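Structures follow.
Two complexes are shown next, each including subunit A; its partner changes from subunit B in the first to subunit C in the second.
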Partner chain A sequence: MDKEKVSNLQLCLMMYLMIGGTSILVVPSFTAMYAKQDMWISPIIGSVFGFFNVTVAWLLHRRNPGLTLIEQAQRLFGKWMGSILGIVFLLFQIDAIGLITREYAEFIVQAFLPKTPLVMIIGCIVLTCSFAVRSGVEVIGRFAQIFGPIFLCFVLAIFLFLLAEYNYSNMLPVLGTGVMPSLKGSLEPSVWFMEFIFISSVYPSVRQGGNGLKGGLFAVLLMMITMVITNFTCLFLFGESTANLTFPFLSASRFVNIADFFSHVEAIVMALWILGGFVQISMWYYTLALGTAQWMKMTDFRPLVFPVGLLIGVFSIWVAKNFQQMLQYFPTGGTGSSIITLLLLPILFLLVSLVRGSGTRN
Partner chain B sequence: MQTNEKVIFSDHLQENISHLKQRYADCFDVVFHDFNCGQTPAVIVYFMGLTDSDMINRYILEPTLKQISKDGGTTLGDFCKCLPVSSYTMIQTMDQALMEIGDGNVVMLMDGEDRAISLYLAKWEQRSITEPEAESVVRGPREGFIETLMVNVSMIRRKLKSPDLKMKSIRIGRFSQTEVVVAFVSGIIESSLVTEIESRLTRIDIDGILESGMIEELIEDNPYSPFPQLQTTERPDVVAANLLEGKAAILVEGTPIALIAPATIFTFLQSPEDHYQRYYIGTAIRWLRYFFTFIALIGPSFYVAIVTYHQEMIPTTLLLNMTKSREQIPFPALVEALLMEITFEALREAGVRLPKQIGAAVSIVGALVIGQAAIAAGLVSSPMVMVVAITGISSFLIPHFAFGISIRLLRFPMMLLAGFMGFFGLMMGLTLILTHLFALRSFGVPYVSLSTATRLSQLKDILVRVPSWKMNTRPRTGVWNRYRQGANQRPGPGRGGRGR
Partner chain C sequence: MFVLKLLGITLLSAAVFLYDFSIVDPKKKKERAAIAVITCAGWVVAVLLLFAPGLPGPTEWINQVTKPIWIIFYPEG
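Coming up: the complex of A and B.
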C-alpha cells in the first residue's frame, strides 16, 4: 500500500513520541495516587508490558511480513472474525485518539488560552495533523527524528534546572510499605506501555535490513527513562502531593528560575510539548487512517484522512463531558479496555499464528 | 515556426532561396549575398549584427573569389575544405538552416546541392565578465556568468577539464528557440537524474524562455510550494563545486543565472565562501545563519505572542519598560507588527527597484519611518522597532535571495497565527511549514534530507563544515565513486614535504 520507508531510528523515535507526549502530562499524578514515594519504580515495572508487546508485535510481523494488525486479523481469523476483531482495534483507536486530542486541547485551554473555545483548539490540532498524515509515514518519521531528541532534551533540562529545589528525602523510605503500592501504581503507566503494540502498523514501512525489534525495544527503554525522570522530578519537588496536581510536570516547570532571567518558561515548555504532541497525534491518526483503509480493503488511505479527522474531532468532544470525567476514565474503564485490546488480543493473535504455523506462511 | 513538417533542400538554388526569402519576409536585418563560386552560383545568408561581416569578407568571400575559382572546386564538400574556417556543419533541412541563421551562423547554399553548409562565424556584442553582484564573497573567484551561453560554458569547462564533464544542449521555446545546456559530470551523477532533468526540459512547450526562472517554474516538483526548489547561482565556482557533488547544472542562453538541481534546504543556507574560509569560521558562520534564518521566520510572531499572551515570560524590569512604551500605542501588538513589517517590505522593495541616486533618498525616509519618528508619533513602540530591524537584518543573512524572500513571506501568516493563538498558533504554523518542507522533494531528493542521512557522514557539510581533508565522501551518490579524494589528506609536518 505504502512504498514510503522509514529508518530504524525514525521508527524508534516515532514510537517514543507516539506514547511519550501524554505520558508525562497526566501519568505522574496517577502513579503518585497509588505508589506514593515509590512512584519512580512504577514505570520500570510497567515497562515490562512495553517490552513484551513490542516483542509480540515483532513476532507477529515476522510471521506475517508486511501486514499490520488489521490485515493480520483477517489472515489469521478469516474474513468475518477478522473483520470483527479489526473493528475492535479501530474502535479502540478512535476512542484513544479522541482522548489524546482532548487531553492536549484541555491542557492548552486550561494552562494558556483560557478564553479560547475548546473546539477551536481541537480543530486546529486535527487540521494540522491531517496535513502531516496525508503526507505519509515518511514525513511523520522526519518529524519524529527532529522532535524526539528535542523532547527528551527538554525533559532532561527541566530535571536538571530544578536540581537546586529538590528535596531528596521525599523518596524515602524506598519500598517502605512493600511492593504492592508500586505495583498498583504501575497499572497506569503500563497502559501507556501497552500502546506500543501499534508499532505493528509501522513495521511494514521500515526499511529492509533494519532490525525493527531493536528499534522498538529501544523506544520502550527511552520511554521508561523519560517516565522515571519525570516521576523523579515531581517526587523530589512535590512529594506525595503530586497526586493532587493535574499536570504535575508543567507545574514543576514553573519552578525553573535561572539567574532571575530565565524564569516562567512554561510557555516554552508548552510549545515544545505541543510539537511532540503533533507527532503523537499524527502517529495515532496515521495508524487509524491506515487501519481503516485496510479494513475497508482500500488501496490508499489518503482519501480517508479528512473524514477520519472529522471523526477524531467529534470523538474528542464525545469522550467526556468535562476534564474531570476524563481523568476519572483513565484509571477505571480505560485500563480495562486497554488490557483487553492491547494485551490479550495480541496474545491471542500470536497464539493463533503459532498454532496455524506453517499453514499460513506461504 | 509555422509548419512542423521538414522542408528538405532542393537541387535548385533559386527554389531554396525563394523559400528562405519567403520565411524571412519583412526581416530587414537578414542578408542574402549572391556570388559565384567558380562557375556555380552560390548564396550566403546571415543576420547583420549577429555575424562578423569582417570575417565573412576575409574568410569566405576572399578565398572563394581568389582560389577556388582557380582550382574549380564546385561541390560544397570540396568548398568547405578550402575555407579557413575552423568549424562548420552540413545541414539537410530548411528548419535546421533557419535555426543556424538565427544563431548568427552563416549558411551557404550552392546551386546543384541538396544541402547547405553552416559556418560558425557568430559574433555579437556581449557584456564583459564582471564580479557577480548578488553573490559577492570576500574570498573566492571574482568572475560571474554573463548573458552569453558559450562564455558561461567555457568558464565551467575551464574549471573542470576532464572529458567526464558532459554538456547536453536542448532547444526550448517555440519562438525564442533558446539554447539550454544541461551540464553534469558522468561517473559522479546518478544517470537517472540526468534522464529526469532532460525529460522535464523536453516537455516544456511555451513561446519563449527569457530567463532561467521560467525554466525553474516549469520543471520543479511542487509548483505550489513557496520555497525555491532549484538552486540559482551566477558563480562558475559554485556550479563546478555542485557538479562535483553529483548534481546537474542547467545553463540558459541569455541569462547569467544558472540553475542547479537537485536542491535541498541546506544548499540555500550555504555560501560558497564557507568552503574557502577556515573551517572553524565556516562552521560558526553557518550556525549564525541557521539561527538568524529562524529569527527571520518567527521573530515578529514570537514577539507578538509574548506581548499578547505570555507576558509572564518577560523579566520584570523589561516588562515594566515595555509596558511603559506600549502604553501610548493605540494598536494591539499584532496590528503594530503587521504595520511595521509591511512598511519595511515596501521600503526594501522601493530600494531595490529605484536607481541608485534616488535609493539614498529612500533610505533616509526609511530611517524616519522605521525609527525614532515613528515612535515619537506614537504609532509604534520602541521594542517593536527593534524587533522589525533585527528581523530585517536576519533575513538578509540568508545567502540566497529566493529562499530569503520565501521566509520573509511566510513571516506574515506566522504573525497572524501568533496574534490569534499565541505560542500554540506559532507552533501550529511551524508544524505546517515543516510538514510541507518534509514532504517536499527536488528531483526525487528530499528537501530536508537530514533524515535520509543514515550515515553521519552526510551531516559533515550541514551541521558543521568539516575541514576539506575530512570530507572524504560525496554527499548522496551511488555506491560507485563514493570517495572524492585520496585517503589521508590531512596536512602537517612530515606529510607531503620533508618534515622540517
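Coming up: the complex of A and C.
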C-alpha cells in the first residue's frame, strides 16, 4: 500500500519515540508504587517483553512478507475470523491513542497551561499530527530521526545536571525484600514494552528489510536505558515518595539549579516532550489509520486520516472522566487489555503461522 | 453555549466529511462509505458526550471485560 520507505535507523528511533513519550511521564511513579527502592530493576525485567514482541513481529514479518498485523490476521485466519481479530486490534488502538492524547493534554494543562481548555490542546495536536500522518511514514521517520536523539540527550542531561542533589543511599538495600517487589513493579513498564508489537506496521516500509530485527531490538534497548535512567533520577532524588508524584520526572527537572544561574529547566522539558509526544501520537495515528484502511481493504489510507483524527479527538475526551480515573486505568484494564491484544494474540498468530506453514521465507 | 458547541462539532464533522469526500474518486464506493461511517461515528459520540458527559466510556468496559486477567496481578484493584 505504501510506497514510501524508511531506513533502519529511522525505524529504531520511530519505535523509540512511539513508546518513549508517555513512559518517562507516568511509569516511574507506577513502578515506585510496587518496587520501592528496587524500581530501577523493573524496566530491565520488563524489557524482556519488548525483546520478545519485536522478535515475534519480525518472525511474523518473515513468514508473511510485506503484511501488517491486520493483513496477517486475514491471511492466517481467513476472512471472517481475521476481520474479527483485526477489529480487536483496531479497538485497542483507538482506546490507546485516546489515552495517549489525553495524557499529553493533561500533562500540558496540569504543568504549564492551567487555564487552557483540554479540548483546545487535543485539537491542536491531533490537527498537527494529521498533517504529518497524511504525508506518510517517511515524514514521521525523518521527524523521529531529528527528535529522537534530542529526546535521549535531554533525559541524559537532566540526570547529569542533578548529580549534586542525589542521595545515593535511597537505592539501598538492593533487593532487600527479595525479587518479588521488583517483579511486580515490572508489570507496568512491561505494558509499555509490549506496545513494540506495533513495529509490525512499519516493517513493510523498511528499506531492504534485511536487518530490521536489529533496529527493533536496539529501540527496545534504548527504551530500557531511558527508563532505567529516569527511574534512577526519581529514586535518587525522591526515594520511595516517587509513588506520590504524578509526573516525577517533571518534578525532578524543577530541582535543576546550577550556580543559581541555570534553572527553570522544566520549560525545556515541556518543549522536548511536545516534540516526543508529537512523534508518538503521529506513530499511533499512522498505525491506526493504516490498519483501518487495510481492514477495509482500501488501496490508500490518506482519505481516512481526517475522519480518524476526529474519532481520536472524541475518544480522548471519552476514555476518562478525569485524570484520576485514567491513572487508575493503567494498572487495571490497561494491563489486562494489553496482555490480551499485545502478547497473547501475536503468540497465537505466530503459532497459527507455524502450524499452517503458509508463509514463504525469503 | 450548548448550541454553539453542537454547532461547532457539526461544522467540524461536516468540514472533515466534505473535504475527504470531495478528493476521493466517486467510483471508489468503499472509500466513500468508510469516510462517511467513521465521520458519523465521531459526530455521534461527540454529541452523546455533549448531552451526557457521564456516559460510560471504553475504560469502564475494558476494565470489566479484562477483570479476570488483571485481578491476578493486582488483587487490591
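Here, the second predicted complex is superposed on the first by the 355 of 362 C-alpha atoms of A that agree within 3 Å, B and C clash if a C-alpha of one lies under 4 Å from a C-alpha of the other, contacts with A are read in each partner's own complex, and residues count from 1 in each chain.
Heads up, the rule we're going with is that contacts are C-beta pairs under 8 Å (C-beta built on N, C-alpha and C of every residue); 3 or more make two chains touch, one makes a residue touch a chain.
A quick note: this is a predicted structure, and the numbers were derived from the prediction, not measured.
With both structures placed on the common chain, the touch criterion links A:89 to neither subunit B nor subunit C. By the touch criterion defined above, A:315 reaches subunit C but does not reach subunit B. Once the two complexes are overlaid on the shared chain, A:52 sits clear of subunit B and of subunit C alike. In the superposed model, A:203 makes contact with neither subunit B nor subunit C. Contacts of A:306 after superposition: subunit C is touched, whereas subunit B is not reached.
Legend: residue contacts after superposition of the two complexes on their common chain; A:116 is shown touching subunit B, with no touch to subunit C. After overlaying the two complexes on the shared chain, residue contacts for A:159 are found with neither subunit B nor subunit C.
Contacts of A:278 after superposition: subunit B is touched, whereas subunit C is not reached. Put simply, subunit A touches subunit B in their complex at residues 7, 9-10, 108, 112-113, 116, 121, 124-125, 128, 131-132, 135-136, 138-139, 141-143, 145-146, 260-261, 263-265, 267-268, 270-271, 274-275, 278. Against subunit C, the residues of subunit A that register as touching in their complex are 91, 95, 98, 184, 187, 292-293, 296-298, 300, 303-304, 306-311, 313-315, 317-321, 325-326, 329, 331-337, 339-340.
Against subunit A, the residues of subunit B that register as touching in their complex are 306, 309-310, 312-313, 315, 421-428, 430-432, 434-436, 438-439, 446, 448, 450-451, 454. Of all residues in subunit C, only 12-13, 16-17, 19-20, 23-24, 30-31, 34-35, 38-39, 41-43, 45-46, 49, 53-55, 57-59, 62-63, 65-70, 73-74, 77 touch subunit A in the complex they form.
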